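Here it is: the structure, laid out below.
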Amino acid sequence: MSTSVWLIPAFPLAGALVNAIFGRAIGRRAHWVAVPATAAAFVAACVTFSGVVRGATYTGQLYPWIVAGALKAGVSVQVDQLAAVMLLVVTGVGFLIHVYSIGYMQSDPGYARFFSYLNLFVFSMTMLVLASNYLLLYVFWEAVGLCSYLLIGFWYQRPAAAQAGKKAFIVNRVGDFGFGLGVIWLWTVAGTLQYAEVFARAGTLGRATATGIALLLFMGACGKSAQLPLHTWLPDAMEGPTPVSALIHAATMVTAGVYMVARSHALFERSGVALEVVAWVGGVTAIFAATIALVQTDIKRVLAYSTISQLGYMFAAVGVGAYTAGIFHLVTHAFFKALLFLGAGSIIHALGGEQDLRKMGGLAPRMVPTAVTMTIGAAGLAGVPGFAGFFSKDEILAAIYDGGSLGLWSLLLLGAFLTSVYAFRLLFLAFYCAPRMSPEAAHHVHESPTVMTVPLMVLAALTVVTGFAIGIPSGEGTLFAQFLAPVFPPHEVEHGGFGAYALLLLSVIVVAAGFLLAWLLYATRPVAPEDLGRPRTPIHALLFNAYYVDRMYDAVIVRPLFALSVLLARGFDAGVLDGAVNAVGRAVVAWAQGLRRVQTGYVVNYALTMLLGVVALVGFLLSR
Amino acid sequence: MQTAVFFAIAAIAVASALGLIVRRNPIHGALFLVVNLGSVAAIYLMLNAQFLAAAQVIIYAGAIMVLFVFAIMVLIPGKEETGPDPLRPFRLVAIPFGAFLLVEILLMLVVRPAPPREPPGAEGGAEAIGRLLFTDYLFPFELTSVLLLAALVGVLALAKRKA
Amino acid sequence: MILLVPGSYYTGLSAVLFAIGVTGVLVRRNPLVIFMSIEVMLNAANLALVAFGAQFRNADGQVLVFFVMTVAAAEVAVGLAIIVAIFRLRPRLSVDDLSAMRW
Amino acid sequence: MDFPAVSLRAILPAIVILTTAALVLLLDLLPPRERKGHLAVVSLAGVVAALLATTWLWGGESRAFRGMVVLDGYALFLDLVICYAAGLVVLLSMDYLRERGLESGEYYALVLLATVGMMLMASAGDLIVVFLSLELMSLSLYVLAGYFRARLASGEAAMKYFLLGAFATSFFLYGIALVYGSTGTTNLDRIAASASRDSLMMVGVALLLVGFGFKISAVPFHMWAPDVYVGAPTSVTALIATGSKAAAFAALIRVLVTSLRSTQPDWTVLLWGLAAATMTVGNVVAIAQSNLKRMLAYSSVAHVGYMLIGLVAGGVFGTGAVLFYLLVYTFTTAGAFGVVLLLEHAGGEGVSLADYAGRARRHPILALVLSLFLLSLIGIPPFGGFVGKFYLFGAAVRSGYIGLAVIGALNTAVASYYYLRLIVYMYMREPEGVEAVSTPSFAGGLALAVALVGIVVLGVVPTPFIDLAQAAVTPLLR
């Protein structure tokens, strides 16, 4: 088993290197390197998984990386049930998306570069999952962020793409700042960063310490998994190519936060408070993002907010201790959300780059495979009974209800209703109502090539099958829960009984209500494109602008920081304008005018500042 | 009597230093500096550091000041600092800060545990210093030769005609 | 000629000279005068070294002063060379003119 | 008179460099008078020889010249850092000077003499040796900063550096005088033995910190750095940013932790403030810069702040982290300035952010290499910058300075903005105007390759180097 474990990251890494170094020579044939590399990784993951099913786990070390006194952090891996599931999802979905990309990126000049980045991402993500200590986790946590940044900004000729990439990176840095501190703190109190040792010692940590560490770690999770208040980068990340959105910003990377919290459950449980915070941040994000998704007009942004919302569900689940439910939702979400994104990509491809829902409609007869698979995906997302999302979401709701947190439960139930509404809204607007695009655009609509539709079909099949296969509750919990049982403490959920069935019925009703509302609004009568996306009420405007969070950040953090910089630069140090003035706003310009008198570049100013320092230093030490 | 002599010399030293920073003409400044260096040499004598007093006069007042005066003559013949000074506020701010620094240092001298009250004295002859220079301080002594070499090369690099 | 003056008088004088030198660096515009003010500061430090040396009754302080004089000589040579080099490019000589690089 | 035993062994690396400097001056006078390429080769050979001498001496510990010079593991470690810095600078200078027709024996001799000063600062056992070697280094660097005599900016840099440097040196000297007044000696060990904490000592420590603070460009003594970095020839900038900082840190650490140990609680608090101010001002002001050399100058100010964190944390762990970070920082900064140097135009232009728009298109390799250096500066694994920051912040948290670690971590988040902006400019903007494609020379390429290998090795297998750094500081802390 040891070989197969190491091969999982090794294949994509090799693929990435080959395409990076020989990219120019390889050119259009890049997928002949990248796709087999991912396929091989998937096969290795399957072998590993089968080993784990037979009960084997693996830990191994490549070499000791950092040794400092008591701290030893090696390049070391571990495979247990949780890691095996994650690996399967990452390499499996990754492989499908690689195949899809062959068609989608066909005419892109950066073909080899794209596949190189994509392989690099698969490598980093598998290493993130495999890591057996927090430091290595952190390293690959950063690495997937870097890949994400590279891929969001892949079409860097577009300023919006470059901007979005930068934003993603910086917002993630804010989260990682907390994460990094948490790791360092953990190391100082536990004396180790190895998972097994940390969790063994978790019980000895003080509650306050555990809470502090857990919350710092969660801050990193918030950044990576786009939870409030660090969610703003994900919608912008849609500037990247659609396969990237599907792989990184829906199926795998953004779920790293959930994985990390689930992995660290011993720490979070030691605190208690931290779990509470995780659950509520998840719940609030779920409904917050769902409301925004209701009114977006860009098909990918609808899906992006949906992803934020669904990640909120996962956090809510792990926050109440229902780890298996959270991870199960992670898996099913990976399938149906990747499906939806790839389907959206197929539409965009068909419409020659059009992403605006207002200019779609009536596509179903022209693109049958895409329409059918996306309908399945939307049903999965909405939680229509029988589809994967139904099983996993219901599990989460049941677990939270059992946990006794009625407030959170009702929040998420409302979220389920909204999910159903926006999922079907998207479906109706894209496929089933009258076409709203220009005649010549309509003329060009065509189904995507087979290499793109086959991954859609596979994912659709998975969306249909997964729930039945491993998600049906029984006396001992679902099959999935039984498999993960060695990793997570048992979470008691009543299955069966009147309460459970009532809950089930309730969520079915909610989904149906959402479907009906979407039907009434968007399918029964023709939709005027100009009616969509033009805010008529303040609430609509609020939702349409995503609660103005971005603008608030801009006003509260970005501008003042820039202003401070310029102020320091000119008053205290001296800065350079570089269009900065434009961004700084009038108030600062006024400030700067006032500070004109403090012009520098003069020796006397520098000497004076030094003297100031001298007087302060001498005074301070003299007073001691 | 001795105290009076000290204060007389000290007054000259302080006055000439003040003169340096107050007078606009750099040539006057240079002359004030010479006076200042000379009075400090006199203080060295009072401290029984005859060798240093001689060195002060020869090296500082003799060699270094000649260089200064030479530079002044070459660069700005007779020119004074003229014209409006846009940075005057800054320059004036410096005075209270300088004064504050002085207060701090004097405070330091006041609060320090009482130094020996008896009059200071040391063997200040050339012999004692020479002995130290070539034993304990042999390494720094050699180091100064490297320092002078660096200065030499540096000046050469800056002053060579071929640009 | 040994005069009986308390040691702290000498250090006090050195402090006064040092502060004057510091102020001189800040209030003057001519680099030569600034430089001369720095010489005053060095001198004040020398005076302090000699005075302290006398208190401890060892000659170490005086040896240090000897080194400082050497350093001062080297510094003057380099400093004047730099000033002359600039003067070749720009005949007006005020440190305020040298503020092309800022912000 | 009993002369002290002249133990050349204890100053062997410095002697090697000094001899090379003399040799360069001599060869400069011999033909061929037109071409000076061989002088650089000789200088480089000297640096490599010093590097070999350093490794040969490894493990030994000796004091010589009546305690004036200490050659211990600590000094050897820093000799290593300084040699790397000097070697990289010589490599970078070769074509940079030749293209501008400014190669000369004096230049290389001054670089080597400055290196001698740096090395002696690292092994100084007496404040007067610190002072003299500091001056040796500074005087050489003042001249080098003004080496491009035809450029006013270069002259301005030299003048500012010189006047402010001399100003700072005067404070430093007064500090020495006060410490001498408090203890009656300037020998580091004897100062430590006196364990004095009177008012003279306190003010003396403050003034010594002013002098060191200037050389490492800690806020508020950093103002000269951006101007000098911009005005000086870029190769000299690289030397000022790496070697002189390493040397100043070397002396600072030795003086603080060995001889001023009695005042540790006092200066720790001071350094806390300096560290916080330095990294914050450096990073925040860097955001507003559009000149690359200026931006890197503020960035290097910020990195000094990070290193001061380790000094505040103290102990083998914190101090060792500083040394390790110095090593990483030297490679990274020399490399970053190296790329800037190779892309600079003959007249000194081509260093603004706008000039870097679309650079990746024209110079894919240089742009990639610069990006990697920048990622290391941000602290992204697997580069040395990440490991270095990890140790520094870890040391701070370990010693209970959580607040400082938080400020540091926040600062790295802020810093990623301006480093990233440069990468964005290089990769994601269209180039403006037409620009001749210059191919980096062999020497320049070699320098970058060495620096790049350095940051990767330090990031991927840091353990042996961390062990070295910690072993180096252990004797100081005994």
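Letters A, B, C and D mark the chains as written, and numbering starts fresh at 1 in each.
One rule holds for everything that comes next: a residue touches a chain if its C-beta (ideal position, glycine included) is under 8 Å from a C-beta of that chain, and two chains touch if they have at least 3 such contacts.
Just so we're clear, the structure is a prediction, and the values are computed from it rather than from any experiment.
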Partner chains that subunit A and subunit D have in common: B, C
Furthest chain, CA centroid comparison against subunit A: B
Centre distance in Å when subunit B and subunit D are each reduced to the mean of their C-alpha atoms: 31
Subunit C and subunit D, separation of their C-alpha mean positions in angstrom: 27
Centre-to-centre distance between subunit B and subunit A (centres being mean Cα positions), rounded to whole Å: 68
Rounded Å distance, subunit B centre to subunit C centre (Cα mean): 5
Overlap residues in subunit C, where contacts from two or more other chains coincide: 11, 18, 21-22, 25-26, 29, 34-35, 46, 51, 53, 55-56, 58, 60-61, 67, 71, 74-75, 78, 81-83, 85, 95-96, 98-102
For subunit B, residues that touch 2 or more chains besides their own: 87, 90-91, 94, 97-98, 101, 104-105, 107-109, 136-137, 140, 144, 147, 150-151, 154-155, 158
Overlap residues in subunit D, where contacts from two or more other chains coincide: 128, 132, 135, 139, 142-143, 146, 149-150, 159-160, 163, 167, 171, 178, 199, 202-203, 226-227
Chain contact graph, described as a line, ring, star, complete graph or other shape: complete
Residues of subunit B that touch subunit D when the two form their complex: 104-105, 107-109, 111-113, 131, 134-140, 143-144, 146-147, 149-151, 153-158, 160, 163
Of subunit B, residues touching subunit C in the complex: 2-3, 5-6, 10, 13-14, 17-18, 20-21, 26, 29-30, 33, 36-37, 40, 43-49, 51-52, 55-56, 59-60, 63-64, 67-68, 71-72, 74-76, 79, 81, 85-87, 90-92, 94-95, 97-99, 101-102, 105-106, 109, 115-117, 119-124, 128-129, 132-133, 136-137, 140-141, 144, 147-148, 150-152, 154-155, 158-159
Subunit B-touching residues of subunit C, taken from the complex the two chains share: 1-13, 15-24, 26-30, 32-33, 35-37, 39-40, 43, 46-47, 50-51, 53-63, 65-67, 69-78, 80-85, 87, 93-94, 96
Subunit D residues touching subunit A - in the complex, by the definition given at the top: 159-160, 163-164, 167-168, 171, 199, 202-203, 205-207, 209-210, 213-214, 219-221, 223-224, 226-227, 263, 266-267, 269-270, 281, 284-291, 294, 298, 317, 353, 375, 380-382, 386-387, 390-391, 393-394, 397-398, 402, 405-406, 409-410, 412-414, 416-417, 420-421, 424, 427-430, 460-463, 466-467, 470
Subunit B contact footprint on subunit A (complex, rising order): 597, 602, 604-605, 607-608, 611-612, 614-615, 618-619, 622
